[in-house]
Each structure stands twice: as C-alpha cells, then as structure tokens.
Amino acid sequence: MAGSILGTIFKITTWGESHGKALGAVVDGCPAGLSLTEEDIQIYLDRRKPGQSAIATPRKESDQVEILSGIFEGKTTGTPISLMIRNTSQKSSDYSEIASYYRPGHADYTYDAKYGFRDYTGGGRSSGRETAGRVAAGAIALKILHELGISVMAYTRSIGPVSIAPARFDQSAIYETATCMPDRKADEQAAAYLKECMMKKDSSGGVIECVVKGLPAGIGDPVFEKLDANLAKAVMSVGAVKAVEIGDGAMVSRASGSENNDAFYYPEHDVIGIDESGIAKKTNHAGGILGGISDGADLILRAHIKPTPSIFMEQDTVNKNGENIKIAIKGRHDPVIVPRAVVVVEAMTALTLLDACMLNMTARIDYLKQFYSLR
Amino acid sequence: MAGSILGTIFKITTWGESHGKALGAVVDGCPAGLSLTEEDIQIYLDRRKPGQSAIATPRKESDQVEILSGIFEGKTTGTPISLMIRNTSQKSSDYSEIASYYRPGHADYTYDAKYGFRDYTGGGRSSGRETAGRVAAGAIALKILHELGISVMAYTRSIGPVSIAPARFDQSAIYETATCMPDRKADEQAAAYLKECMMKKDSSGGVIECVVKGLPAGIGDPVFEKLDANLAKAVMSVGAVKAVEIGDGAMVSRASGSENNDAFYYPEHDVIGIDESGIAKKTNHAGGILGGISDGADLILRAHIKPTPSIFMEQDTVNKNGENIKIAIKGRHDPVIVPRAVVVVEAMTALTLLDACMLNMTARIDYLKQFYSLR
Amino acid sequence: MAGSILGTIFKITTWGESHGKALGAVVDGCPAGLSLTEEDIQIYLDRRKPGQSAIATPRKESDQVEILSGIFEGKTTGTPISLMIRNTSQKSSDYSEIASYYRPGHADYTYDAKYGFRDYTGGGRSSGRETAGRVAAGAIALKILHELGISVMAYTRSIGPVSIAPARFDQSAIYETATCMPDRKADEQAAAYLKECMMKKDSSGGVIECVVKGLPAGIGDPVFEKLDANLAKAVMSVGAVKAVEIGDGAMVSRASGSENNDAFYYPEHDVIGIDESGIAKKTNHAGGILGGISDGADLILRAHIKPTPSIFMEQDTVNKNGENIKIAIKGRHDPVIVPRAVVVVEAMTALTLLDACMLNMTARIDYLKQFYSLR
Amino acid sequence: MAGSILGTIFKITTWGESHGKALGAVVDGCPAGLSLTEEDIQIYLDRRKPGQSAIATPRKESDQVEILSGIFEGKTTGTPISLMIRNTSQKSSDYSEIASYYRPGHADYTYDAKYGFRDYTGGGRSSGRETAGRVAAGAIALKILHELGISVMAYTRSIGPVSIAPARFDQSAIYETATCMPDRKADEQAAAYLKECMMKKDSSGGVIECVVKGLPAGIGDPVFEKLDANLAKAVMSVGAVKAVEIGDGAMVSRASGSENNDAFYYPEHDVIGIDESGIAKKTNHAGGILGGISDGADLILRAHIKPTPSIFMEQDTVNKNGENIKIAIKGRHDPVIVPRAVVVVEAMTALTLLDACMLNMTARIDYLKQFYSLR
C-alpha cells in the first residue's frame, strides 16, 4: 500500500529513487501566507548533502531544490507545494552486479520478497537518498515551528565508542564538523575512530539526539496518537534506525520511581522552559512528554543508527541462482550513516510536531468558539 | 483530535475511562467468516487482569467482555465488532484529593494543559485501564494471525536489575508467574526485588520483549509505513513505554558493520524460520526487518517500561493554587507496570502485523489478477 | 475494510445490527468542555424513531441512548464518547424465511457476494436501523455547530408526486407531521398518497432537502476534499439515497451561464446571510458552495430517496438453490423511507460541516501564530 | 488541511496551478509489476486537452507527461510514481485585472475568504487545469482495471437541451466528436446549440454519464464507505459538478417500489453481465449497486455539470474596494465544460473503483488464509 505519505493535516508525500530522474516531495495542508523560497529549503538539503570530508562518500550531488507549485508572490497559498530535486550524479553501470545477489543488511531481499523484483540501481527507493524528500518537506515544517517559537535541534551524540561531553556542548559545531557533533574534541576522536573503521574495511553505528525547545504543554493526543508514539514512528521510519528513546529512554527500565519521577514546582523566578501556567519541573527524565502529551519541558529523543551495511570487507551471502557466495561491496559508501541522518531526524521531528500542534488547535470547544466568533 | 483509532484496514477504536461505566473497543475491518466467541477474547483479558500475587494491586475487576455486534451464528460478519467491559470495582471517593494537585510522572498536568480540565478519577482515560480495549481488540488480531501460522509471544525480559537467562527459557512460565517471566528463577529473584522496592515505598521499571514467529518475508511498506516504524508507534503508544528497540536495538550504535550485518545463506537442510525462497540468515541482529520489510526471520522487539509513577514515598509537587506542596500517594498501585503490560505489547504487535499483512495482499499486480480471476 | 468510520478530526465509528444486542457510536475527537447530556442526543433519536402514524412501521423501539464514556461532570473531556442503544424489540423468528432468498432492492445478495454469508435477521448491518448510530453521533455535531451559530435543518421536500410549496413553509411542521414536511397541506396530500401506495401493496420515494444557515465563507478544501464532495459522500452513504444535489443541482445541466451565475454585491443595508466581508449574492444557484468552499450564503442540498424496497406485492427473485421463485414480503415496513431519513441527513450534514470547520482552523499561518501566541 | 490526496490503498496526491511551472500527480500504492509507459498516460491526457474545434478554447497546451519515478525496466516497482506535466502556454499578463474583483460562479471569493489571498492567475489551483493530475493518475487505475476485466466508459449524455439517443449509441463517436457524445447526430445538434450560446456571449451546462462493465459483485463497503458514496465524492469533487446520480438517480424519488426494484433471476442461458453466482437482474434501476456494494450489473452514474461561469456577457459583481461593479470577462473560455470533463469523470470513477477492489481483497478470512498459504 501507500507508504510514502505522512501526516494528518500537514501531509507530505515523498517520491523518487536513488538513480531515477529526480526525487521530491509534495506538501499538502501547509497553511497559507508563509513566506517561502527555495533557499529556505536548500539550507537544509545542503546539510544532508554528501560532504567533502574524509568520512563522507565522494558522490557529488548538487541537490538543488525546485519549487513547482503552491507559492504565489513569495507566499504559500494553502495548496500543495511540489518540491523537486533532479538526480544528476547517478551512474547505473556501477550497480549491474548487485542485481543478482542480496547484500547483507540491505533491503534487496525484502523488496524482492514483497514486490517480486526491485530497482537495484543504488538501492532504488530503499536508498538513503530517499530522505532528500523528507528533508525538503521538513524544512517547511521547521520554518513554521520557528515562527511559533519552537526550535528543533538534532546532532550526533555518539559514533561508535565516542560520545559528546555535555560540558563541551557547542551548537555551532553541529553545522561545521563532518560528524555533526556539538563538541569539537569528540568530532576529532570520532573522525579518528572512523578512519580506523575504514582501514579495517568496516563501518560504525552511532546515536543522534534531538532537542526541542519552546514546545508548549498540551501537544499530542491520548492513546494511539501520543506525541511520543508518533515521534517514534517518524524517527524509526528513517532507514538504519533500530531504537528510539524518549527522555531517559532505555535507562528507565533499571530506574526506580523515585529516581524517574520529575517533581513539579513553581520556581521563585522565571526559568527557561517554564510554561504559561508557571509550572516547571526539577528534572526532565520524561523528556518533555507525560501521558503522550508535551509537558512544557524540553522534548528529548534519541535514535540509534546501525553501522553502514555496505562494507568493503568480504561477506557471505546468496545469489538468486540458489548459491552461497562471497561478495566484496565496491563503490562509494560512508563508514557511518549518522552525520547525514542528523538533519533527517530533525526534519521528521518537525513534521510530527507541526502536525500535532495543528491538531491541538481543535482540542477545546472554547477554541472553536473563539475562532469562529473572532472571524 | 481523534487519538483512539488505530489501523488502516483492520481498524480499532477504543474508548472508556478508569472509573466510567465501561470500557471497550470497536473492531472495524475484521474479515468475515472467523469463528469468534467471548471466550477467545476473555483469555487475553484475564492475562491483563490484576492478579492476587503480592506484587499486584488488590483491585478486583472481573473484566468480563461482552460482544455486542459483528458476530452472526458464531462467525464474524465483516461488520464492526463492538466489545464492552463494564467497570465494576471503581470507587471515585478514593480520588477526591488528587483533583487539586498534579502527581509526578502522571498525565494529570498535561491533560489539564491540553483540555482545560480532566477526569481525575483513577486517571480517567490516561489510566492503564485504557489498555483493556487494546487487549480485547488485539485478541481478535492474534486469533487471525494464528490461523495464518503467525505466533506472537511477549514476556517480561527484566525487572529492575533482574534479567531472564536464555538458558532457562520456559514459555509456560510467562502465563504462570506473577512477573510473566519465562524463567522461574528470575521470577523469584524479581519478586524479591519488588518486595524490597515496596518496603522502600518505591517502584521498579523493566523490559518487555516480544518475539514473532512465522511471519513471511515481504510484510511492511517502504518509507513512512515501515513495519518497524508502525511497531514502534504501536508499542510506544502504550503508557509508560520510553524506548522501543528492534533486533539488537540500541546496541547497534556501538557495533561495527561486520558485526551487525546478518549473512544470508541457503542451509543444506530446512531450518526453522526459513522462507519459501529457501533463504535463511546466519544471525538476526536486524530482528527480522530489513528496510522496513520483514525478512522471514523471527521478528524481535523490546519495550522499556518506566517504574510505576505512583509511589508511596513523599514527593514534591504543585497544586492548582500555585503552591509547592508535598504529597504521599495512597491507594492500590503495583510496584511494577511490566507484568500487566506484557499482554498489551502482544496485542499492539498483533494489531500492527495483521494490518500490514492485509495491506501486503495488494502489493503486486499479479496478486490482483489472480484474486479477481479466481473469483 | 473498515467502512464504519467517518471524519478526519471529529471522527465517528458506528456499530451494530438491526437484531443484535445493541447499536452505537463512538465519537473521537470531540472538543473538550462541551456540556452534553443523554437528553441532548435523545431528542434527535426520538425524531428518527418509528412513529405511531398510519404511515410508519408499528415496530416499537424506545431507542434510549446511554453515554458510556467521555463525559466528566457534565462536560466532554476530549476523549472518546461511547454511545449505546440497546435493541429491545427484535424478533429473529420473523426472518427465518428470508435467509434462503434475495429480496429485490435489498443488500442481501451483495452482502453474500462480498462476505460469503450474511446476518439475515432484519437486514443486519444493512438495515436502516444502522442510522441510529449516525444520529446519536450527529446530535453532538449539531450541538457544537449550534454553539458556533450554524444551524442545520433538513425536511421532506417531496413524497412521490407531492411537493411542499415554499409559500406554505412552516418549520414547526417538520417536527410535528408524520411526513416531516414543513407544509401541513402537503403533509396531508402525501399521507393520502401513501395510503394509496399501501393499498396497492406498493411504496413511494421522495426528496429530502437540507438547509444550513450561518456557515461562514471559507469552509471546505480544494480538489478532493471539497465541501460539496464530502457532503455528497456523507449523504449518499445513507441507504436508499440514489442522487445528491447541491444548490440548483441537476437543473444546472440545462441552464445557461447567465442564469446560473450568482452575482456578488455589497448590499446597502445588512442582509441575512451576509459575510463579515460585507459581500452578498443576489441569487444562490450555487447552494452556498463555490470551488468546493462555502461562500457565506445558505448551503442547500437535496437527497433523492428510493421507494422502500420491502413491498407486500408479489415479486420475482431467486433463492440459493438456483431457483427462480416468487415471494411476498411480510412483516412491518414503512411505505416510504423519507420521513425517518430526514434527521439522518441532518446528522450527516452536521458531521461533515463540523469536521470541515475544525480543519479550517489551520488554513492560515496567521491562525497558528495567533493561537500559539495567545496561549 | 490537505485536500489534494485521495484513496486508501491506491493513493494519489495531485499538485499544481493553472499558471505555475508544472502540474502533476504522485501515485502511491500502485501494485508492482504493471507495465507502464508515458504513452499509457498520454492517451488520456490527450483526451482532456483543449481541442481545435469551434467549441473549445484556442489555448494550446501540449500536456506532455513525464514519469519521474516508480518505474524500473518498464514496470511499476510498488513505490511512488511521480508524474509531471510542464505548463508551457500560460501568460500571466492576461490576468492582472481579475486580481481586484470576484468573478461570479468562480472560486475567487471563497479562496480569498479561506486563505486571505489567492493565486489569481488563471484561477490558480481552482482552475479546471488541476484535473490534468487526476487524469494522469486515473490513467494508471484505468490500465489496472482493464487488466482485471473491468472497463470504464464516460461520455457526454446531454448539452443544454440536446440529449443523446440510445438507439444511435456509437462508442467511437465519444473519442472523435468535439462534444464527446456517443451519437454523431446529437453532436451536430449540440455544436449548433453551443454556437448559439457563444453568439449570445453565454454558456451551457450538460450531463456526463459513466458506465462500468465487468465489475464483480461484492465491491464496496458498508455504511460510510459505500461504493456509491465514494463515487459521489469522487465525481462531485470535479469542479462544476452540482449533482451526482447512481442508476435511476433523481427519478427514484417519484418511482414506486414495484417500479424501482430490480428482480433477480437465473437466466436460462448466459447473459452479459452475469455474475459467477449465475444470478442476473431483469432491470438495473439500481445502477449496479445495492446497499453500497456492487451487484454485478453495469455500474451507471451521471454528473450534472454547470455552465462555464466565464461568460463574455456583462455581469454584476464586486471588487475589493467595496464597490459594486460591472465586468465583462475576456480571454479564452469554452462555452461548455462538459466535453473536457468526460475523461476526468472516467478517471475519478476508475480511481474509486480500483481502491475499492483492492480493499475487497481482505473481506474474508478465507481470502487471507488462501493468500498466505499459497505463498
């Protein structure tokens, strides 16, 4: 069925394969009146783009976005915004060999099992390149959230054994380092670790963290549409993510209630993150969500990313002739997926939050009465 | 907005509060012709029910399900199946005090922030009692999956520091121990640990694991509707879950590609879990999902459950008069949420899998042609 | 698949068969803070109920609604509202014979074709009795629309050859006559016509009209979610409706553009129906919708209802043994469906409008900014 | 909210404005393995294209479709199919004047009321040009239905007072005449009538009929997702449609039950349209749908299309300065919308039917069991 559509009010449809003519996204349900240019979107795509660093694939894609519809005189009209990115760098000839076998850790076999055949050039739709559409659409969500005073910041928290140190947190480093770590020293260590991986023809996993500030209390819905549930879906839908944590995440299973509960209090003076109710929390083990609804504190989530499955080391696998074979993957592959997925996690978080914020506008009869009497 | 509806084809709507007249679920989209009795559902509700053990709340709810529609002559008709469970044990008088303050770790404050007020009796809709509707609906999904040869088994993997030992795995213990651990020795240790928690007026977290056997390769959809994405949403939507892992989960972030990739192979003789393609995997770090689509191996997921937030120890919080206060929660509360959530995780997994299996029936044009020419 | 769920934000799920234990509806996404009692709903169910008149079935159902969830201290909480109506009058023994054959004009054959068998007692889910759930849910939508200053009024416009005369329009007659005609003279004529039908062992069709006043301009969405498109779906989904018209409806196909266009103008003095923009229309051929979006004028739609298919006259049909047979339907059947469907059309219109009104609250970035800065 | 997405399994998203860079559609959920070329789609777009005849606008758009994704080696892969049509003929300078006033019968005012401003060039998203995306997507649905043995044929039934005569029905004339009437004599009469309209600076309405053959019994779902309900929505969503009829449509309101019921029978010899059950109907007043589910007979629907609102005659309207003004519309406008909408109705019918056919594949537990045991 249709897997490429996300959202209830702010809906996005993405399309495109690694080696097709183009990739893109259609955003339907974007509110009218938002100033929007291609540059607003391009800055996020540039963050996703393969870089020039030693740890990134040498593939060069300019990834220039073109807005095809939905904007009039510089503003969104409320109708679908179609975004297209032409593929310019693909060379299908690189991929002829992998048509016949199944790469470990890739979706080759599962696509064949589902559809009977697959587009084997560059992974087709299962390629990480698919995320360009998510980022393009997410850029619009991020811009709207910004106008509402809500910021979303994702970064690399760890690569293999190397983690950032809170004391060295430096937001600018996210955008300036090859690892997207907000810690220049950890970036250096991680780069060294990745070189080691590459020398071993191996790859590394890592963790992306995302922090949302300014989200008011009350966002999210009970039961199945909990804010954390939708965030978990959005983030887990990014290829290579194998675990999603909210707040203290997996650590809660070893915690006691007295450790894990966040005490509410009224601070004597205003603190950052305080809600208009005046209520704050002394800790934030919950990561900003209680009962599936935001509590006004920072929203915190983490995604655990598996190591790049394309490794140059020899591996065992099978081909379609029923033979057990050995393969050595060639071509251009990053030794770690994490840095390029940082902006994708940011985009997915933003898309989920914006949709929840829009839905929340109808949560009370008083909101409806006020809206329709004001007009 | 509507948060209590789940699914695309096999759709469930749940309703009801902890202390209302009743709770229930409506299943719409259940295939016609399935034999179904109240007993089929009751066995799962009984697993969710508060027990008599030392570690469980003394609240006694018979939780008898009544089927109100959708069955004719013992079989599902294809029309909505309405399931109702009358509340019989609630005493609203217990809850008068908590109306005025916000319990740490609960949704009291966030519901007020969202809706302007809340049903404070027993937590209302945010109570764990809400999951009765999920389990009732999930029982039907589990029965259908069983008829398709797919089994879903959840169990307690750990409580606080006590984990099960794979070598002692004993499925019958899941249904016979108070902890729902498939390891009778770990159950004893966990029970001892929980008694300790209770003496300290504290509570414990834990981990639930769920294993699915018999799921064919090819289930799940690309991009946003990946099988793991929908499982993450379904499981994270269960109250108290703070992290969801697939396969090796959070461990992948420290693994290398050569460790994490599962090698495909053709076994010399049939092995359990082998697909009709004849392809098997030597390991299952992926937990049975590659690129969001099942690969024919066992599907494995884990949910990390926070400690019961209702602890008897004194806690800091606020009341609605703008005062910082100290509270000590009274009443009946389990020292651990995990055992009663086991069957809920099983239900949520089954609901997600069945919907994905039904959607998969339209994945190829040949399936459509075969279906419509056979008829 | 699931056919019994309607709406995007204000979502309803209905369930139940003619001769099952009960029927009901679950409303999910109702804004919190609305005062709601069973009586608010009962008044609409009473309008749907079989009457005592000569033209209505003697079946007596008290159709008492019970609210099972979603209300706390007299107000909606924002969580699902479960509504149940126990069936009290069904006698399954009446229906044993029709199990074996297919009644013309009924869904007996198509349900068998789809599901392999059917609940043949009283038509099961395909019975008009299914609409009780729609009306119960619709009553809540009607109450909310009323609070927003939007009124919805449906009535019988014609029965067979008898039409109401605009000059005799009397709203009170809708609720007081057996035909639900807002014209007491037409009601008498229609009653006479129906007696004639009954003497001939035959039945009659008719037309229901629905007028909405107070709907602001701007409601509805472009392309597939046009307001008229959703109204057409909602009304056509009522059993026995075979045509839906908006405004001049079918007459437009013979009109010229100069006849059909509604001229805009600024009236010298305020007129009823004028928008806050100050713009009015001289005519309303469009029925209040232009380009799928409300234009501030009265919204007008009509549903054409087929004659009751259960007639006492002998009819040709087939049984399941492969035989051509003759049947004469027995039991209790109204000679016309129209009067009991009036409140159903009103409910379906209200449900559609409310959902569109809620969705409209996110149409502009300024609405979002105002909402989130005001809070 | 998002109005440009349609479907449950076979989902389409359309985008684009009359005078933007391009228009398009993304089809998500198309089964894998379908042979598909741009030519398969182009033939339908060519039917929608403005012609050279005296009754059609002289605007020349080549409307060349480009497939951007979702096809590999000539076959659909199961992933989104992105279709793009570049706009080549737009001249925005034509439209500067209409920015300041509201054209009667158009969506100018309602878009302003909803969004605060509008893309006034050529009607923006509310232009009939939007339907190019529907037709492109519909072409794929039509191809799949054809492979399942289901044909969909729409044609002009009447223009103003001129109707086709059943005795002269000639399918080839649909594709060869300027009116798309399956009756060459009626085409001539209609052409003469339209010339008359043009001389009067006026326009004409008309009726489109659509007939589906080969649809098996059992398609469609109960209650809200009835096949006729979804068809009514799909067809009413086409701009200018003001009424939708199924089978005898509006005539049923004056019919008696004995006239309107279709008698079932087992024919002595096979007849066209007979179901695999062997059951046929002597008449087809129901238009092939009973209880919202197809009955195996021809499915018949009609759409009533309003006259082109852009007429050259002087009209009263208002401008945004609060003035009552008189306008005379210039530019290129067909005197009748009907012929160009024929293929749009065909497309919308096909999209609706295909989605319903796909959903029907999960209607019985036996279908699931057979599918999963066969694999």
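In this document, chain identifiers A, B, C and D correspond to the written order of the chains, with residue numbering beginning at 1 in each.
Throughout what follows, a contact is a pair of C-beta atoms (placed from the backbone, for glycine too) under 8 Å apart; a residue touches a chain by one contact, two chains touch by 3 or more.
Please read these numbers as outputs of a predicted model, since none were measured by experiment.
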Key: Neighbouring chains shared between chain A and chain C, ordered by label   = B, D
Message = Using C-alpha centres only, name the chain that sits farthest from chain C.
response = A
Note = Taking shared numbers over all numbers used, above half giving same and below half different, the chain B and chain D interface sides are same
Ask   = Any idea how many Å lie between the Cα centroids of chain C and chain D?
value = 26
Inquiry  = As a quick test, compute the distance in whole Å between the mean CA positions of chain B and chain D.
reply    = 44
Message = Nearest whole angstrom, what separates the Cα centre of chain B from the Cα centre of chain C?
response = 38
Task = Pull out every residue in chain D that's touching 2 or more other chains.
result = 1-5, 8-9, 14, 29, 32-33, 78-79, 114-116, 125, 216, 222, 359, 362-364, 366
Ask   = When you draw the chains as points and link the ones that touch, which shape shows up: line, ring, star, complete, or other?
value = complete
Task = Flag every residue of chain D that touches chain B in the complex, lowest number first.
result = 8-9, 29, 31-34, 76, 78-79, 144, 147-149, 216, 222, 276, 357-359, 361-369, 371-373, 375
Note = The answer for chain A against chain B in the complex is residues 1-6, 8, 14, 102, 104-107, 109-111, 113-116, 125-126, 130, 158, 160-161, 197, 200, 202-207, 216-226, 228-237, 239, 241-266, 275, 277-279, 282, 286-287, 289-296, 304-311, 313, 315-318, 322-324, 359-360, 362-364, 366
Ask   = What residues on chain A touch chain D, complex-wise?
value = 1-5, 7, 9-11, 13-17, 20-24, 26, 28-29, 32-33, 66, 68-70, 72, 75, 77-82, 84, 114-119, 121, 124-125
